[in-house]
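Shared chain: subunit A. Partners: subunit B in the first complex, subunit C in the second.
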Partner chain A sequence: MIEEHFSEGNSVIHRIDPRIRIICAIVYSAIIAVIGNLSVAFIGLGAAIVFITLAQLDAMHLLRRLLVVNVFVLMFWLVLPFSFSGDTILSVGPLNMTQQGVLYTLMLTLKCNAIILINVGLLSTCGMFNVVHALNHLRVPNKLIHLLFFIFRFSHVMHYEYARLTDTLKIRGFRPRTSMHTYRTYGSIIGTLLIRAYERSEQIHRAMVCRGFKGKYWLLDHFVLRRSDVLAATIMAAGAVIIIILQWKTG
Partner chain B sequence: MENRIIIDLKNVNFGYRERPALLKDLNFVLRQGDRVGMIGPNGCGKTTMLYLIMGLIKPNDGSVEIFGRRRVQEHDFVDVRERIGFLFQNSDDQLFCPSVREEIAFGPLNFGKRGKEVEAIIKRSLARVGLDGFKNRVPYHLSGGEKRRLAMATILAMRPRVLLLDEPTLGLDLPTVQRIAEILEEPGLSYVVVSQNIDFLKRTTTQVYTFEDGVLTPFRVPRK
Partner chain C sequence: MHISEGVVAAPVLVAGAAAAAAGCAVGLRKMDYQNTPKVAVLSSAFFVASLVHIPIGPTSAHLVLNGLVGILLGWITFPAVLVGLLLQAILFQFGGITTLGVNTVVMAVPAIVCYLLYSRIIRSRYAAGAAIGGFFAGATGILLAVILVALSLLSTGEQFTNVARLFLLAHVPVMVIEGIVTAFIILFLRKIKPELLGGDIR
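Up next is the complex of A and B:
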C-alpha cells in the first residue's frame, strides 16, 4: 500500500534539499490549481513533465499511480462537458456536449495530472523521514508532523496486518461470495484490523518512549543547503514566476 | 555492604480493567549486579511487571522506586528509560525506522549524541550482536533472528547498565540464543530476563522467580 517506490534514487531531483522540494511542490500545486486558461495549463503540465523526467522514476509505477487519479478524472468527463452552455458539438438525447465544456474539462484534466506529477516528482522522491525532518525545519507545528508521521507509520502496519489476515482466510478456505457469511467475515476483518493496529501503535509508542523519545525526531543525516540547491530553487522559482505571469497576461 | 538498589517495587497492585487483579502486593528488589530470571505461564504478569518498571503502565497502588527515587508521573520515568534498556517481546513492535543505522541511531540521537559519535555507536552495536555490514539494510526485511539481534543492538546503543528483556530467545535458533547469552555475560550488567527457556535462564541468571496467582514466588530451577 504505502511503499516508498520513488524515494530511492540518485537523480538531479533526489539530490535537491528536501526542504526546497517541499516548498516547490506546494507553490507549484497552488499556482497550477488556480490556472484558468487552457494554454497555461499545458505549460503547467509541461513543467510537471520536466520535473518527473528529471526524477527518473520507474515508469510502470508512475503510470499505475496516474491511472488511479485519472479514474476520478474520468468522472469529470462524464458530467462536465454536458453542463456548460455554449456551442453544441454533440447531442446525446436531451444532453448537449458543448465545446466550452470539453475545453474546460480538458483543462481540469491537465491541471490534475500536472499537480500529481509535480507532487510525485518532488515529494515522493523525499521519503517519509526526510519529509518529516524537513517539515520540522520549516517550522510546521510538531503535532501536525507527528500526526502525519503516525498516519504513515500505521498505514504500513494496517497493510501488513491486512495481508496476514487475508492469508489466514485463504488457508482456511474462504472465498468471497455475495452472502451474509462473506459480509460478516469482512466485518470481522475490519474490526480485528482496527484493534490490532491500535494495539500495535500503542506498542510502537512504548518502544519509542523507552528509547528516549520526547516528542522530537532527530535525524541522523542533516540537510545542508549547497550551491546546487540554491540554483535548483532559483530555477524552480523562475519557472513558477513565468507561469504566474502567463496566467496573469492571458487572465 | 549490600549492593545499591536499582529497582524497588513496594506493595504494587495492578489489574487490567474488567479482569481480576494480576499482580497482588508485589514486592521486588533488583540490586546492582543482580541477574534475575522470570518464568511462568502466559499472562501471569511477567511482562506487566517490566512495563510497570519502565512506567509504560502505572500501578493501581503501591510504589515504584528506581535509582533511589520514587517514580509516579510520566516525566519521572524519562531518565529511567535512558538508563534501563528494554527489549520488547515482539521485535516488530520495536523497529520502526527505514534503515538499520537510523534504527540504532534513534536512541543515541534522542539522548543528544551527534555526528561521528553516533556513527561509532552504530558500528560498535552492530558488531556486538554480530550484524556487521547490515548498516544500510531495511529493518522489516530482516529475518526473525536478525530483527531480534537488531532490537538488542538498538538497546545496547544506549549503553544501559540495566536491562529488562522480555522473551529474548523466543523463536530463535541456538547460535542466536548463545550470542544473546554471551552479550549478557558482560561484567557489571544487572538485568531481569523473562523467558520460558530453562537452559537459557540457568546459564544467564542467578535467581529465578515466578508468579503464582499474582504473587511473586521463588522458582526452583530443576537441576539434572
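Up next is the complex of A and C:
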C-alpha cells in the first residue's frame, strides 16, 4: 500500500537534481493555486501535462491516482454550478445551473488536476529518501527532517504490523459490520498497534543510544549540480515567469 | 479529510501556512532527540490507522483519530500532522504542497483543543469517565476539523456556502463513529498500557 511507483524511472525528469525538482514543484503549485482565470488555468494544466509526459510514468497508476483525486472534485460539480447567479443553462426543480457556475467549477477542476500532476511529475518522482536529503539542503529544520525520515521509515513497519493484526481477525472469521462489536474490535486493533509502536520506539531509541547517535545523519552520497540541471532549472523558471505574466495581464 | 488543491483563495492558504509554521515551531521546541523515536513511530501507527476503513451502514469512512493524536502528543501534534500530510501528498497525492499549511491547521488545531479539554478526564479513575472523555475527544476532533474546513471555504467566497453545508452534514455520522472508536481505544490503552495516556511523550 505504501509504495513509491513513481520514483523509479530514468526519464529526463528523473535525472534532474531533486533539489531543483522540489523547488520547481513548490513554485509551480503556488502559481497555479492563485490562478483566477479559466484560460490561464488551461495553460497551467498544459505545463503540468508537459512535465508528466516527460517523466514517462506508468499510465495505469497515474490514472488511478487522478481518479481518486477527482472523486473529491465531483463533489464540487454536484453543488457549485448551482451556487452562482447568472445566465441559466439548465433548471432542475428549484436549482439553476448557471454558465458562471460551470466555468468556475471547471477552473477549479483544471487547477486541482494541474497541481496534482505537478506533484506527481516533480515530487513523487524523487523518492522519499531523496526528498528527505534534499529538504536537508534546503534548510528545513533538522528535527522536522528527522521526523519525516522516521515516520516514512516506520510507516512500512507499522503497516506490516497492522496487516498481521488484520490477518488474525480474518483467521477468526471477523466480518466488519455496522455494529458495536466491529467498533470495539477496531478499537482494540488500533490500541494494539499503538502499543507495539510505543514499545518498538523504545527499542529503536536504545539502539540509537548504543550507536552514539547525536542528532546527525552521515550521508554516503551527495547531490551534484550538473550543467543539465541548471539548464532544466532555467527552462522551468522561464515557464513559470510566462504563466505569471499571463495571469497578471488577464487580471 | 482535507481541502483539495486549487480551491481556496490565496489569503486563506497564506494564513494557514503561517499558523501551521507557528504551531510547528512550538511543537518542535517540545520535542528533543530523546522522544523523537516515540513521536515518530506513534505517528507512523496513526498514519497507518488513518488508512483503515470502518463500515457505517451501506458506506464506509476512514478514521482520522486527530483527537487521540492530540491527547497522546500534545503540541507535538503540529509537526507530526505536517509530516503525515506531506507523506500523503508525495505518496498518495491526497492534497499537495500549497494546501499543506491549511490542512495542517485543520487537523492539528482540533487535536490540541482535545488535548487541553479532555486529557484529564481520560486519565480518570473510572472507566466510564475515560470512555466519555474518549468519545468526546474523537467527536470534537472531527467536528472542529469540519468547521475549520467550512470556514476556509466560506472565506474564499459565498459560492461555497452549499458545499460547506453538505460537507458538515456528511460528517455527522463520521463524528459519531470516531467518538465510539476513540472511546474503545482509550479503554483498551488504559487497561493495557496506561503510561501512553499519561503524557509520557508530550
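Everything below uses one rule, namely that the second predicted complex is superposed on the first by the 239 of 251 C-alpha atoms of A that agree within 3 Å, B and C clash if a C-alpha of one lies under 4 Å from a C-alpha of the other, contacts with A are read in each partner's own complex, and residues count from 1 in each chain.
The criterion applied here is as follows: contacts are C-beta pairs under 8 Å (C-beta built on N, C-alpha and C of every residue); 3 or more make two chains touch, one makes a residue touch a chain.
This one's a predicted model, so the numbers in the text were calculated from it and none came from an experiment.
Judged by the touch definition given at the top, the superposed model places A:V241 against neither subunit B nor subunit C.
When the two structures are aligned on the shared chain, A:R200 is found in touch with subunit B and with subunit C. In the superposition on chain A, contact of A:W218 is made with subunit B only, not with subunit C. Judged by the touch definition given at the top, the superposed model places A:L144 against subunit C, while subunit B stays out of reach. Contact comparison for subunit A: of subunit B and subunit C, C touches the greater number of residues.
In the superposed pair of complexes, A:K111 makes contact with subunit C only, with no contact to subunit B.
Touch criterion met: A:M128 reaches subunit B and subunit C at once. When the two complexes are overlaid on their common chain A, residue A:S188 makes contact with subunit C while staying clear of subunit B. When the two structures are aligned on the shared chain, A:L80 is found in touch with subunit C, with no touch to subunit B. Look at A:C210: by the touch rule set out above, it reaches subunit B but stays clear of subunit C.
Shared contact residues of subunit A with subunit B and subunit C: 4, 128, 153, 200, 204, 208, 213-214. Residues 4-7, 10, 13, 24, 28, 31, 33-34, 36-49, 51-52, 54-57, 63, 65, 72, 79-80, 82-84, 86-87, 89-94, 96-99, 159-163, 166-167, 177, 180-185, 187-189, 192-193, 196 of subunit C are the ones that touch subunit A when the two sit in their complex.
Every residue of subunit A that touches subunit B in the complex is listed here, in rising order: 4, 127-129, 153, 200, 203-204, 206-214, 216, 218-220. Note for the complex: subunit B touches subunit A at residues 51, 54, 56, 78, 81-82, 86, 88, 90, 92-94, 96-98, 101-102, 105-107, 109-111, 118, 154-155, 158. Residue ranges of subunit A in contact with subunit C, taken from their complex: 1-4, 25-26, 29-30, 32-35, 65, 68-69, 72-73, 75-76, 78-80, 82-84, 101, 104, 108, 110-112, 114-116, 118-120, 123-124, 126, 128, 131, 141, 143-144, 146-148, 150-155, 157-159, 161-162, 176-178, 180, 182-184, 186-188, 190-198, 200-202, 204-205, 208, 213-215.
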